[in-house]
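Consider the two complexes below, in which chain A is the common component and chain B and chain C are the respective partners.
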Partner chain A sequence: MRRMNVEKHYYLMLLPGMVWLVLFSIVPMAGIVMAFQNYNPGAGLLKSPWVGLDNFRYMFQLSDSRTVIVNTFIIAIGKIVLNLIIPLVFAILLNELRHLRFKKLVQTVAYLPHFLSWVIMATIVIGIFGYYGVVNTVLGMFGVSPQLFMADAGIFRQLLVGTDVWKEFGYNAIIYLAALTGINLNLYEAAAIDGASRWQLIRNVTLPAMTTTVVLLGVLSLGNVLNAGFDQVYNLYNPLVYSTGDILDTWVYRLGLQNLQFSLATAAGLFKSAISFVLIVVSYRLAYRYADYTVF
Partner chain B sequence: MVQSKTFGSRAFDGANYVLLALLLFSCLYPLWYTFCVSISDKAAANAGLVTIYPIGFSLASYKEILGDALFFNSFWISIQRTVLGTGLSLFVSVLMAYPLARPSREFRLRNVFMWILVFCMLFSGGLIPWYLTVQSYGLINSIWALVLAGGLPVFNVILIMNFFRNLPKELNEAAVVDGAGPWAILFRVYLPCSIPVLAAVALFIGVYHWNEFFNGLVLMNTSDKYPLQTYIQQLVVNIPTGTNLTPDQYKKLSELSNRTLNSAKVFIAMVPMLIVYPFLQKYFVSGIMLGAVKE
Partner chain C sequence: MKRTMATMLAAFMLGLSLTACSSSNSTNTDAQAPAESSGPALSGDDLAFYRFPEPVDVHIGMPVDPTDKTLPAGDSVSNNQYTRYLKEKYNINVIVDWTAATGNDFKQKVSLTIASGKLPDGMVVDDRSFMTKAASSGLLYDITDLFQQYQSTQVKDIMESTGGRAMDNASYKGRMVSLPNITVDTDGVHLLWIRKDWLDKLGLPVPKTLADIEKTAQAFKDGKLGGANTIGIAGPSKNTFPYATFLTSSNNLGGFDPLFGAKDAYPGYWLDNGDGSVTYGTLTEQTKETLATLADWYKKGLIDPEAGTRDNVGDPINANQTGIFFGPWWSGGYGNGDSFKNDPTANWQAYPVYTDDGKWNAHMKTTGSTYTLISKNAKPDVVKAILIMNNALVRDEATFDLSVAVGWYPLRNVMAAANETEYEYAELLKVLKGETQAEDYNVPNSLYKLMYADAKKVKDVIKPPYDELNVSNFNTANFGDFQRLYSLLIGDRPFSTVPIDKKVFSVTYNQTPTMETKWANLKKLEDETVLKIILGQAPIDSFDKFVKDWKAQGGDEITAEVAELLKK
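What follows is the complex of A and B.
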């Protein structure tokens, strides 16, 4: 009897959140049927004609779809790999510092770019790499004529991955730094007594102790292989770099909200959501099985 | 750490200091650069002459901003949205986290709700269905679209829930014995113990709302409804999306932008973050660890 009474309050506590979830997450899921219809805003979801998988067939026939899927994949993988490695190197170097105030200063400053939006960061990146940017000014001092870095499809992916790593390396190092403090100091002492050099200590003590964390983070980022970062790409790209820099999310945005091809855009979006969902579930399972890690 | 004073060890330290100092510079320079451009002479800035110090000195762009009603309007919208969004989201998340932190023998449908939440976190209907839904609610151009349409941040609920679950069970038992109901336990016993996680979550939501530009772009039709980031985005990144753009046209567009004024606006948009950032640092570090390590 008491349990019933208490549970009543629990439902009440869940109510506001569930309403929010239903209105803005679950109701939109019903709109997925658009991907299988030739959606007509006038007729609505119930009366638009069904076309089965035609939207998907059409989508994969477009050469654009192949371009954006390849771009998304390459950019996302580049970010995942470098966002695992560079923060690790940074964390290890930081851990080797003996000057604690300098360490604190570097940490504080390195976390900062994470908190600035891509809108702000993009204006800065364009200020540096743009036609009238710092890089061209400096190149000009050496007699090199200004380059259109931001409109060069050949380097746009590198630019995306590079600026993303630059923005996030400090923040991504936080987990590594915590893992580093967990390493038993006796291991270092024993190795040093055996005559190990600094470099050998890092190689044979620090790195092996970090493998679990790196592998776990790597597995958990599996769900991001189709997430190339909409905010960043949208604020940095332009039609001249579509061939290498256009990604699924920006393509869906242009198809749907600029060209108003609702069904096609929904199909492309569903393609991404479905694959990402499967990958995340797989990654959580792997993390649970091999590292005993649970998210909830 | 073990002290050793060999030559190799010192060389390592030296190289390490240099490398980290360079990284420090790479993180600070862009902010400094933006500031320098904003107070430089307009012609010098537009010609790309500014590198590491301001050229000429002019506060003209800051004066111009003072007269820009649209800028202040969008700034105010961002503040409203951040305060409303953070408050509401935090309140709702706390309310949800408590029942979900109960064991399923005490709350039988706990796991069902948990699966719904996790499913919503991992899967979404995508941009177009979401947009049409928000539109059908009549929220276009409303501040509530900015506050609500991003959806319930499920991950934060899970963070708080994990924190509640790690609180000592005796806390709950003692309160029950004293006759406290669920609401009293949540607000008078659990919340006072949960300041670190609440601060971290409030920070995450606040930063999200302050930095979010896309909802402002697609859900607001007129520029007087834009939040700050959308306003700046429209100002700075205004390149046509047609595929017939040529490199020469791109150069012309770069020439057109008013760099000192834009930099001044970007710099002002950064200031609130720069001010609160040092105070919040300890909370986001602990917040990340709460999410990363459990039990």
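What follows is the complex of A and C.
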């Protein structure tokens, strides 16, 4: 109890977050029961008829469900991998820059897009890849006829991953930059005295020192394997790219909010949450084993 | 450990977005009889425009156009000339519970409102499935009896002008559970809109058939009449469709409806085969042929290369990048105001598209597609107030100061006689030619509620000669008046003056029970196939596979249900 008193202000600081959590994450969980009901808004959660696993059965009968799950995995994994590697390369390159003000400038410019919402970013992306966009104008100078990038199911995933990395790499590099400043300068000095080139310094000093951070970030992002990015996909897709671009979240949105199939949408959302939950537990264990990282 | 659990639970919640609308409060589930709580001994229009002795609070949810700038400073969504009018004349207090931007935001809010089972007293929704979902969940007030008592004669006349179709549209299982929207029939008749000034420049005749349109589009493109990036024919955006369907049977700006009609194809409509069976129009051989033609045109570069992926249908039209598009009567004038602002000589004219043997085929719309929903939990006085608000809008819309957009009128759901546009077309020409005077139309409670106001201003907007109206006849000083009269007199000319050889109605304009679960999937299949064929991303042969898949994935089952409807 005395400890409680000493730490009172910490608990106070925790309070707003906890209230938020309870209101928006814990209380609404009661709604999960909708997945096992034929939900009738007039009857409410308590009186709607129970249908067991019917919604799940129907969900897997729909030819869409497989497409959507596959798309979600491919897009999310693409984003996870590239969002690990590109920021790392960027951070190391930035770290090699000697001109301090230029370095700061590059860093600031690179992480600016992170603060724009996808509603705005989508307009920019379309401005670049649209039929009369920048890319087609440049291609046109070389005599290539304009391409419909936004309607091409063959490249839509690449476009999603690419633009996501472009938006986030500057921001994601911050953790790496922090890790880089943590490397003991003596190591560099010692290696330099031994005659190591700059490339060798990166390979033998910087990269090994970064391994823990990379593994940690990689493992923690496993929990996001089913988060392919609703905002981005929703603002960029169209019926022509449903076959490769439709993801679980956009599908749930269309089922629930556009087609009013509340129970089916909840079932799809619950399915996603269940898998995410398992992945988070696994990644937490892995993080503990390989990076000696624990939150709790 | 507590924190552990909390964080884990939070993680578990990732993505479970829908459940936020959960807790149920169906405490007051007893059906409320439409009791005469404050029944005055009045009838007819006295009752229809009854002023409540005590103020009545009406809670509403309302769409708001975020680009609208017509509301005077100091006024708000719940305090403006329309709410003050309702307060003064009828003692109705409008209380806006929530607002959402028109379009997707509003749809989403309505959807969540229905999911939570907590409807405001009144809201106007723009999709029949919202109405049926709320009705089947027992969330709506049965207004069957109250409506009979409280409708004004004007509203009654308008309802009757549809021959009972509006009442059907507003009903669920034989009970009236919403106020229907009744729009002019011509909203569902899609026309060829073409730049007459471009035709004149090239010395070309007005195209009549598909072959003519192809040649004309090619000529516009070759002549670079809309600049270097001239688009032959405008197409749909990523939110609109290549043709109107039985669920959204009207106002398909930027679709290809007249082209399908000219090939005797009616995709998206349930067609009565005359032998007790029905066919879904998209599956027909004629639709396939039309798609092949469209794919061919697209390949030749005659159709907007960004069709199906564009953000906004109107962009190339308003930028005067194209000289051909398809849409109903209001598409030119109301629908493309910026085109005239950008080029005052843009002489848009509307024509039917004919089959090779000179027939005009058109698919026809349902009565209206928006619905005023009234909550089951509303008090009888509140229901009456909402009915009176509707009567008042129909009677007094023409008298309002329209410099404040009429969209701010609470629970505005348009009711117009089905032939209002044709009537106005004919009568306005008479006024112009001096055969009648504006004062002749000063008839209180007329079925044609805007006629008098239009008749008073038509001579200010349109200059002689009157026999062939072009954009040069119009005065754009009051741009709102210009837009309305342009649409009426040029946009509705074909439907008013040219008889349609074949009018095609859908067997149903509503969802059947199986559609509630399976239609979304089939529709997606259809949209994807059709767009891919037009854009050349799939061969025309993929159409046959689509037909097979469509039937197997529930289409046959639904077709049988629609055929059942025919028997009634």
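Keep in mind that, in the parts below, the second predicted complex is superposed on the first by the 264 of 296 C-alpha atoms of A that agree within 3 Å, B and C clash if a C-alpha of one lies under 4 Å from a C-alpha of the other, contacts with A are read in each partner's own complex, and residues count from 1 in each chain.
The rule is short, and it goes like this: contacts are C-beta pairs under 8 Å (C-beta built on N, C-alpha and C of every residue); 3 or more make two chains touch, one makes a residue touch a chain.
This is a predicted model, so every value here is computed, not measured.
Colleague: Record, for the superposition on chain A, whether partners chain B and chain C clash or fit.
Modeller: Superposition result for chain B and chain C: clash.
Colleague: On the A-aligned overlay, A:162 touches which partner chain: chain B = first, chain C = second, or both, or neither?
Modeller: Touch status of A:162: no partner.
Colleague: Under the stated touch criterion, which partner chain does A:43 make contact with: chain B (first), chain C (second), both, or neither?
Modeller: So A:43 only meets chain C here.
Colleague: Tell me which partner A:58 touches in the superposition: chain B (first), chain C (second), both or neither.
Modeller: Only chain C; A:58 stays clear of chain B.
Colleague: Touch test for A:218: chain B only (first), chain C only (second), both, or neither?
Modeller: After superposition on chain A, A:218 lies in contact with neither partner.
Colleague: Which holds for A:243: it touches chain B only (first), chain C only (second), both, or neither?
Modeller: Only chain C; A:243 stays clear of chain B.
Colleague: Looking only at chain A, is it chain B or chain C that touches more of its residues?
Modeller: Partner with more touched residues of chain A: B.
Colleague: Mind working out whether A:227 is in touch with chain B, chain C, both or neither, as first, second, both or neither?
Modeller: So A:227 only meets chain C here.
Colleague: Chain A residues touched by both chain B and chain C?
Modeller: Comparing the two interfaces on chain A, one with chain B and one with chain C, the shared residues are 18, 21, 24-32, 34, 41, 126, 130-132, 148, 150-151, 223, 238-240, 242, 249, 252-254, 256-258, 262, 265-266, 269-270, 272-273, 276-277, 280, 295-296.
Colleague: Would you pull the chain A residues touching chain C in the complex into a rising list?
Modeller: Residues of chain A touching chain C: 18, 21, 24-32, 34, 39-47, 58, 62-64, 126, 130-132, 146, 148, 150-153, 223, 226-227, 238-240, 242-243, 248-249, 252-262, 264-266, 269-270, 272-273, 276-277, 280, 295-296.
Colleague: Can you name the residues of chain A that touch chain B in the complex?
Modeller: 3, 6-7, 9-11, 13-14, 16-18, 20-21, 23-32, 34, 41, 90, 93-94, 96-99, 102, 105-106, 108-113, 115-124, 126-128, 130-134, 136-138, 148, 150-151, 166, 169-170, 174-175, 178, 185, 188-189, 192, 197-199, 201, 223, 230-231, 234-235, 238-240, 242, 249, 252-254, 256-258, 262, 265-266, 269-270, 272-273, 276-277, 280-281, 293-296
Colleague: What does chain B use to touch chain A in their complex?
Modeller: So the residues of chain B touching chain A come out as 1-2, 4, 6, 8-9, 12-13, 16-17, 19-20, 23-24, 26-28, 30-31, 33-34, 37, 46-51, 91-93, 95-96, 98-100, 102, 106-108, 113-114, 116-118, 120, 122-134, 137, 148-152, 154, 157-158, 161-162, 181-183, 186, 207, 210-214, 218, 229-230, 232-233, 236-237, 239-245, 247, 250-251, 254-255, 259, 262-263, 266, 269-270, 273-274, 277-278, 281, 284-285, 288-289, 292-294.
Colleague: Report the residues of chain C in contact with chain A in the complex, numbered from low to high.
Modeller: 1, 3-4, 6-26, 29, 107-108, 111-112, 114-117, 129-130, 133-134, 136-139, 229, 238, 305-306, 308-309, 311, 376, 516-517, 519-521, 524, 527-528, 531-532, 535, 537, 553
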